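The chains carry the letters A, B, C, D and E, assigned in the order they are written, with residues numbered from 1 in each.
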Amino acid sequence: AGTLDDVKARGKLNCGVTTGLVGFAAPNANGEWEGFDVAVCRAVAAATLGDSTAVEFVPTTGKTRFTALASGEIDMLARNTTWTFSRDVDLKFEFTGVNYYDGQGFMVPKDLGVSSAKELDGATVCIQTGTTTELNLADFFRSNNISYEPVPIETNAEAQQQYLAGACDVYTTDASGLAATRATFDDPAGHVLLPEIISKEPLGPLVRHGDNEWGDVVRWTLNALITAEELGVTSANLAEMSAGTNNPEINRLLGTEGTLGEMLGLSADWAKNAIAAGGNYGEVFAKNIGEDTPIGLARGLNAQWTEGGLLYSPPFR
Amino acid sequence: MTGTSQMQVSDKVAITIDGMNKWYGSFHVLRDINLTVYEGERIVICGPSGSGKSTLIRCINALEEHQQGSITVDGTLLSSDLKNIDKIRSEVGMCFQHFNLFPHLTILENCTLAPIWVRKTPKKEAEERAMHFLEKVKIPDQANKFPGQLSGGQQQRVAIARSLCMMPRIMLFDEPTSALDPEMIKEVLDTMIELAEEGMTMLCVTHEMGFARQVANRVIFMDAGQIVEQNEPEAFFNNPQSERTQLFLSQILGH
Amino acid sequence: MTGTSQMQVSDKVAITIDGMNKWYGSFHVLRDINLTVYEGERIVICGPSGSGKSTLIRCINALEEHQQGSITVDGTLLSSDLKNIDKIRSEVGMCFQHFNLFPHLTILENCTLAPIWVRKTPKKEAEERAMHFLEKVKIPDQANKFPGQLSGGQQQRVAIARSLCMMPRIMLFDEPTSALDPEMIKEVLDTMIELAEEGMTMLCVTHEMGFARQVANRVIFMDAGQIVEQNEPEAFFNNPQSERTQLFLSQILGH
Amino acid sequence: MSDKTTNPIAFVAEGTIPPSPPPANETGVVKWLRENLFSSIPNGILTLVALTLIYMILQNTVPWLVNGVWTTNSLNECREVLDGKVGACFSVLTERWHQLLYGFKYPAEFYWRPNLALVLLLVAIAPVLFFDLPRKMLIFTALYPFIAFWLIWGGTIMAPILALLGFIVGGVVFQIYGRGSFAAGFFGGIAAALIIWWLGSLLIPEGASDNAMLPAVPSRDLGGFMLNLMLGVTCVSLSLPLGIALALGRQSDMPLIKWICVVFIEFVRGVPLITLLFVASVMLAYFFPPDATVDLFLRVVIMITMFSAAYIAEVIRGGLAALPKGQYEAADSLGLDYPQAMRLIILPQALKISIPGIVNVAVGLFKDTTLVSVISMFDLVGMIRGPILASTEWNGVYWELLGFAAALFFVVCYGISQYSQWLERRLATDHR
Amino acid sequence: MLINDTRYRSLTFQAIAALLLALSIWYLGNNLIQNLRAAGLNISYDFLGNPAGYDINQRLVEYDNQDSHGRAALVGVLNTLLVAFLACVTATIFGVIAGVLRLSNNWLVSKLMAVYVEIFRNIPVLIWIIIIFTIMTAVLPGPRAFRGDNPDSTMLLDLFAFTNRGVYIPMPWFESGLFASTALNWVLVLAVLIGSLFVTRRIETWATAKQEATGVRPKTLLMVLGVWLVPFILLMLIMGLTWEVPALKGFNFQGGIKIGGPLIALWFALSIYTGAFIAENVRAGIQAISKGQTEAAAALGLRPGRIMNLVILPQALRVIIPPLISQYLNITKNSSLAIAVGYADITATLGGITLNQTGRAIECVLLLMLFYLTASLVISMVMNIYNASVKLKER
C-alpha cells in the first residue's frame, strides 16, 4: 500500500525532525514540538488527516535520518536537510520542494576585527556537523587557498559553548542557525555574521523515492502554504475566503471549486486544513523565525517571488 | 561372622560385568573386567592408587562410559539409551569420597530432592522416608541444618542417607571414609556395617581392612586396570595368591 | 636421650628477654616475659590457643614490635634501629605454620634468594649450599619444581631448608607441623630432630609432646600472655607444678 | 642433670600478672595522628599535599554551591540575581525538574505512574536482593513486569493480562509435560503461550486502548532519568535468562551450540556499545520486514540486552566453573536429568556465587544507558545536551546540569555497589 | 526415540540448533535484501574510494579533503589507536598510584583515594568526558587572552602554551642534521636511543653475572645514566638541536607541537575514569598476596624494597595484569565516545561524517564493528599468551 493509505490507516503522520534546533524544530518547556519544520509536518498532517495534532515527531540525527526514512520508520523528513544531487539520486529520496533557502555563513566575535571570511586564514572553525557543512567549508577554504582548523561538534549547544569560550574563532553553520544561536547570547551585539554565504542550502521536506502519490501530497501541501501567502489567504481570513471568493485560484486552492483534493486522494478542504494548522507560509515564518522572534531572520531569499525572493509556487490548476 | 553375612547372599544376580574395557583417550584404564555380583553380596574393592577402582564403580552407574563389553544391572543392560541409564541410576545409590552434598539445600531437602523429582514421590511421604533414613544414620536432629554446619562424618552419613532415600537395591561406595578424621571414620563405618547387616548389595572401594574382614563376602584386588585377585576375606588376607597382592597387603597392613 | 641433648648446651647466652610486655591496642598479649636461652638449647613452647606463643616468637625476630622491656639476640639489642633488626633477622631463621614459600620461585630459588640478596653470597655458592640443605631435608630431587607441585610435608621441609640456607644460629618454629597430615608430620619432625642433634639453638611452638620429650631441654608453658611454668621435659610432663599446666597436660595427653 | 643447668630453668609462676593498660604513647589522638598522618617524613608530605588539594577543591566549589540561585526562570534572570558573584544557577534544575526526570513528552498528569512503578520496583526487587525476606514475595516480583508495563505505557489492561496469561499457560503446560520429558514440556509450553497470545490478540478489540483506564503513552515519549532507569532495569532483567542460556551453551559439550555461544559472546564483547546502538538506530530497521516498524526503544532494548547478556554470561560461566565437579556427579548419580540438575542443583549455587559479578555488570550497564543520547534518545544526558541546553532560556548552564546528572548517577550506582560489597561479605560467611 | 539415546541426543539438538540458526539467518538476510531492493539501494564499498571532502584537524598521516573516505577512515583508526594508547599509559599510571596510595598507612591519603575511586567509578564515562571537555574549554584561556601588552594569560616559561584549543609545546628540530631528510635524522636519534637501551641491558647482565660470581652487585646507576646521556647529548650537539617555540601568530599559536583540546579531554577523561578501575585491580592484586609472604621474606632478612621487588610484585602482577588488560580493552572501546567532544576517531570519521555524507549506514557500521573486533581480539590474544606464560605451576 502507498504511504498515504498507511498514514490514513494509522491516523497519525510520522514526521522526522531534528533533535532540537530552536526556531526550526525543538520541544518547548511544555514538551510540545514547535518550529518552522514542525509547522510543515503539521500542515501535512492537517491536509491528510484533517488534524494538525495527529503527528508523531521522530527526532533524528544527521546519521539516523536517512535510515529512518528509507526503512519506513518515518513517512517524511522535515529536517534541515539540504537538497543535493546525490541524496536525491544516489540515496533514492525525493525532495518535494524547498521550505527554506539557506546558505552557510560564519559568525565571529566583533573584537576579532574580521570583516570577510577570506581573512580567516589559519583560523579555528567550530562546525556543527550533520548536514553538508563540513564539505562546503572544505570547498570554500580550498578554493580561496587558505587554511583552517576544523573542530566538528555534534550539538549546537556544545558548539556554541566552544565558540563562546574562545576555543574557536569562527562558528559556521547555516546562516539561519547562526542567527538563531546569536539570538540566545548574553551579548548578541558582540558577534557579527560575515557577509559571505558560502553555499546554497535549499532545505526542504523529503520522502522516499517511488511513492509519487505521497510525494505529491507533501509537495502540494508545501505549495499550498506558499500559494496561500501569495494569494493573501491567512488564518485570519481563511473562514471567510473558504465560503467562496471571486478569485478562482483561491477557490481551487480551498476546495470550493474543482476537484484538486480528490486528485490527490484527499478531502476537498485539504489545503484549507493545512493552512488552518499554522497559517500560510508567511505566518509560519513570522511566528517561528521571523524578525519579531528571538531568532530574528529577515525574509531575504525566502520572500515571495513577487517581493524579490525565490518562493515561487507552481499554479493551482 | 563371615558366616552370617554369607547366608544372606541369594542366587539372584544383581550386577554382571562382562568383558568390559575402558579407555581414557588412548590410556587403557580398565582391562577385560568380568564380575558377577549376587543380590545381598558385599564386595570390597582395594588396590593401589590409580588402579581403576573408582573408574570401575563409576562405570556401573554410568558416570563414565565404557567402550567395550557389557554391564547389566538388575537385568537392565547399560547402553547409551537414556531411559536405561535413568533406570539404572535410580536402582543404584552412590556415595562419594567428598560427600558432594548440595550446600544450598538443607539436609532434609538433600534427601527428598531425588525422590520428589525422579521418583515423583509426594513431598510428605518423601520427607517421612528421609527422616526414617536420617534416624537410621543417627542424625535426625540435624535435618534442618545445612551441610556446611555438619562435621565431615555427619556429612558422609547424610550422603549415605540421601542415596538410601532413593531405595536403591545396590549401593556403591567410593572411599567413603578417606576424607575423614580417624574418629569420624568409625561413625561412618558403623553406619555401613548396619546397612550390610540388613542385606543391602554393596560395592565398596576402601582400604579399611577391618571393615573388609568384618562385612565383606568377597574382596577384590585390582591393579593396573585389572582384577588381579578375588576371594573371601579370610582367605584373601591370610593367604593372598598373587605376588602383587602380597606386596600390597604387606604395605597396607604394615601401617 | 635427654642427657645427650643437654650436653650440647653451652653457657653462652643466645637470647635474653627481659621484662617484655606487648599490647595489641589496649589488649595486653604478653605480660612481663623473662627468658634466657643458651646457645644450643632446644626449647619447646606450649600452651592453650591465644596464649601468646606465636606473638612471643614473632617478637624475637621483630615481626612484631614490643612496647616495654628488652630483647637481646646474640648480643644485639632489638630496637627500632633498622640495622639491628636486619642483623638479628639474618641470625634468626623462622619457619611458619603455613610454610609461606614463594610460589613464583622454584624450590632452589626459594632457598637461594635470601643468601644472594642479603648475605651477598655468589650464586653458585648459594646454590651449592641450598642443595646441601635440601639433601639434609631429603628432597634434593625436587629442587627445580615449584612449591605448588610439592606435598605439604615436602613444602614444610623446603621452608626449613630455606631458613637454614641463611645459616642462622637460632631457629624459631611456629607450629611447623600443625598444617600437615599425620604421615607428613613425621617427615618434618624427623628433619627437626636431626637439626636438634647438630646442636642448633631452637625455639619451637608445638603440641607434639613426643617431640618435646625427645629433643627439648626445656618446656615452657604459657597462658594468658604469661610464662606459667618452665622445666625439663621429664619433670614438666611427669610432675607439673601449676594447676593450669596440669589441666592443659591432662587435655593434651588424654587425646 | 647437673644443678647448674636444671636449677635456673625450673620456674613456676606464683600467680597471674594482671593485665595493665598500655603505655601512654600507645593511645590517644596524638598517637592516631602520628601513626595515621605523620608516621614518616614522606607520609607527612603526602598529608600536606592532600590537605592542600582538599582545600583547593573546597575553595572553588563551596561559594559556588552556597551562592546557588534556585528560583529564577532563565539564565539571564539568574545572572542578574547573582550580579557578578560566583554562584550556581540551580534554578534550571527546579524549572526543568520534570523534564530531567521524565523527559519532555511524558504527560505531566501521569507522572504518578512511573513514580508508582519505581516504588513497586523496590518492593519487587527486595526479595531478590535480600535472601532473608519471605520467598512468597517473589510472586509479586514475577507479576511486577506486567504491572510496570501497564503503569508506564498504559493502554488497555488486556495486553499485560494476556501476556501474563500466556506465561501462566506456558508454565502450566511445561509443568504437566515437563514431568515426562523436558523437551516436550519446554516446546509445548512455548507453543501454548504462543497460541494464547495469538488467540488473545484476535480477541482484544481494535482501539481498546483509546478508552482504557490508563491512557496509552507511546514509548517515544519516555525520557529523562526515567528512561535510564527503565532501560537499565529492563535490559538487566531480560539479559539474565539470556545470559544463563549463553553460559550454559558455552559450557555445553555439543560443539555447534558451544561455538554459536562463543562467537556471539566474543563478538558482542568485542564491539563498543555505541556501535551496537548505531546498529540499532541505523541498521536494524533493514533486518525487519518492511511493514513491521519496530520502535526505537524496542530496538535499543534488544541491543543493550544482547550486550549485557554477553557480559552476564561470562560472569555466570565463572560461577559455574567455581562449582566442584562432584556436584554434577552427585546430581547424575541420583538420577536427575540435565534440566533438573541445572535447575535444582547447579544454577541455584552458581547464580548465588555470581550475584556480585552480575551486580557489577548491572551497574556498568546502567551507566552505559547514557549512551543512548548519542542516537537521539532523550535520556537524562540527552535531555541536557538536547532540549534544555538548546533552549533560549537555559543556553549556557553546563555545570549545574552535568553536576546534577553526575550526582544522580553517583547516588544510584554507589548505592548498588555498596550493596554488592555487603553481599560479597555476607556470601563469604554464609553457612560457614 | 532419538532424543533418549545419548549418542544421537546431542546430534539431534545440534541439528535443531543449526536449523534454527540457518532459518534466522535466512529470515534476516532475506529481509535485508528485500528492504534494500525496495529502497533501491545495494551494498557496495565503492564509496570508500570517493573523495571525502571534509577536513580532519587531528591526524597522524597526511590527509586533506580531496583524499578518499578510505583514507579518512585510516586517519580515524590511527586516532583511535593514538588516544587508546595514550590513555592506557596514563590510566595505568593513575591507577597504580591511586591503588598503592589507597593501601598507604596515611589515613587521609587512603581515604582521599577511596573517594576518587568511588566517584569516578560510579558516574558514567560519557558524563565525565563531557564534564572534562567543558572544564577544559571554560577554565583554560583562549588564544585571545594571550594577546595585547598586558595579556590575561602568559606562556609557561615562554615555551608552553595552555589554551582551550589545546596545549602547544616546543618542537625539536635539527639545524645541521646529518641527513638531508628530517625523518632520517629522527631515525638516527631513535637508533642511538635503542643502542643505549641495548648497552643498558648488557650492563644489567654484566652486573648480574658479577653478583652471581662475587655475591655483590656492582652499582650501575651512574654507568646507566652515562650510557643514556652522553651519546644522546653528543648527537644533539652535532646535529644542532634547536626548538621551535610556539608563538601567537594570526588567530592561533603557530609552530611547536599542538596537542588538540578534544584529544586532551578524551585522553584525560578516559585515563582518570579507567584509572579508578585499575586502582581497584591494583589494590586487590597487592592484597591478594598474603601477609605471610611479606613476613616470610622479612624473616629471611630481606629489606622492604627488596621484598616488594623480589616477592610481592612478581606475584601481584599475575593477579593485576589480566584485569588490567581487559581495562585496556575497555579504554579502546570507550574511546568511541570521542564523538561527544569532536575528536576524529574512527567512530567520528567513518561512523560519523562519512556515514552522514554518503548515507552508507550498513557498510560503515559493518566496517566499524570489524575494526573494533580485530582490536579486541588482538588484545585478548595478548592477554591469553601472558596468562599462559605466568601460570603458577601446581600439582
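We take it that contacts are C-beta pairs under 8 Å (C-beta built on N, C-alpha and C of every residue); 3 or more make two chains touch, one makes a residue touch a chain.
Owing to the predicted nature of the structure, the values given are computational and were not obtained by experimental measurement.
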item: Mutual neighbours - chains that touch chain C and chain E alike; value: D
item: Required steps from chain A to chain B (each step between touching chains, minimum); value: 2
item: Rigid-body rotation angle, chain C and chain B, from Cα fit (steps of 5°); value: 165
item: Per-chain Cα centre nearest the global Cα centre, belonging to chain; value: D
item: Chains linked by the largest number of contacting C-beta pairs; value: D-E
item: Identity of the chain that, by mean CA position, is farthest from chain B; value: A
item: Distance from the mean Cα position of chain C to that of chain B, given in whole angstrom; value: 45
item: Centroid spacing, where centroids are CA-atom means, of chain A and chain C in whole angstrom; value: 89
item: Euclidean distance of C-alpha centroids - chain D vs chain E, Å; value: 28
item: Where chain A touches two or more other chains at once, by residue number; value: 63, 67, 70-71, 161
item: Residues of chain C touching at least two other chains; value: none
item: Shared-contact residues (touching 2 or more other chains) in chain D; value: 278, 282-283, 285-286, 290, 385, 398
item: All touching chain pairs, where touch follows the definition stated at the start; value: A-D, A-E, B-D, B-E, C-D, C-E, D-E
item: Of chain B, residues touching chain E in the complex; value: 80-83, 85
item: Chain C to chain D touching residues, read off their complex; value: 2-3, 6, 9, 21, 23, 25-28, 31-32, 36, 67-68, 217-218, 224-232, 235, 241-242
item: Contact set on chain D toward chain E in their complex; value: 35-37, 39, 43, 46-47, 50-51, 53-54, 181, 183, 253-257, 260, 266-267, 269-275, 278-279, 282-283, 285-290, 363, 367-368, 370-371, 373-374, 381, 385, 398-399, 402, 405-406, 409-410, 413-414, 417
item: Residues of chain E that touch chain D when the two form their complex; value: 3, 10, 13-14, 17-18, 21, 28, 31-32, 34-36, 38, 101, 104-109, 112, 118-119, 121-127, 130-131, 134, 138, 333-334, 336-337, 339-340, 347, 351, 355, 361-362, 365, 368-369, 372-373, 375-377
item: Of chain C, residues touching chain E in the complex; value: 61, 63, 86, 89-90, 92-94, 96, 98, 100-104, 113-114, 116-126, 145-146, 148-150, 159, 162-163, 166
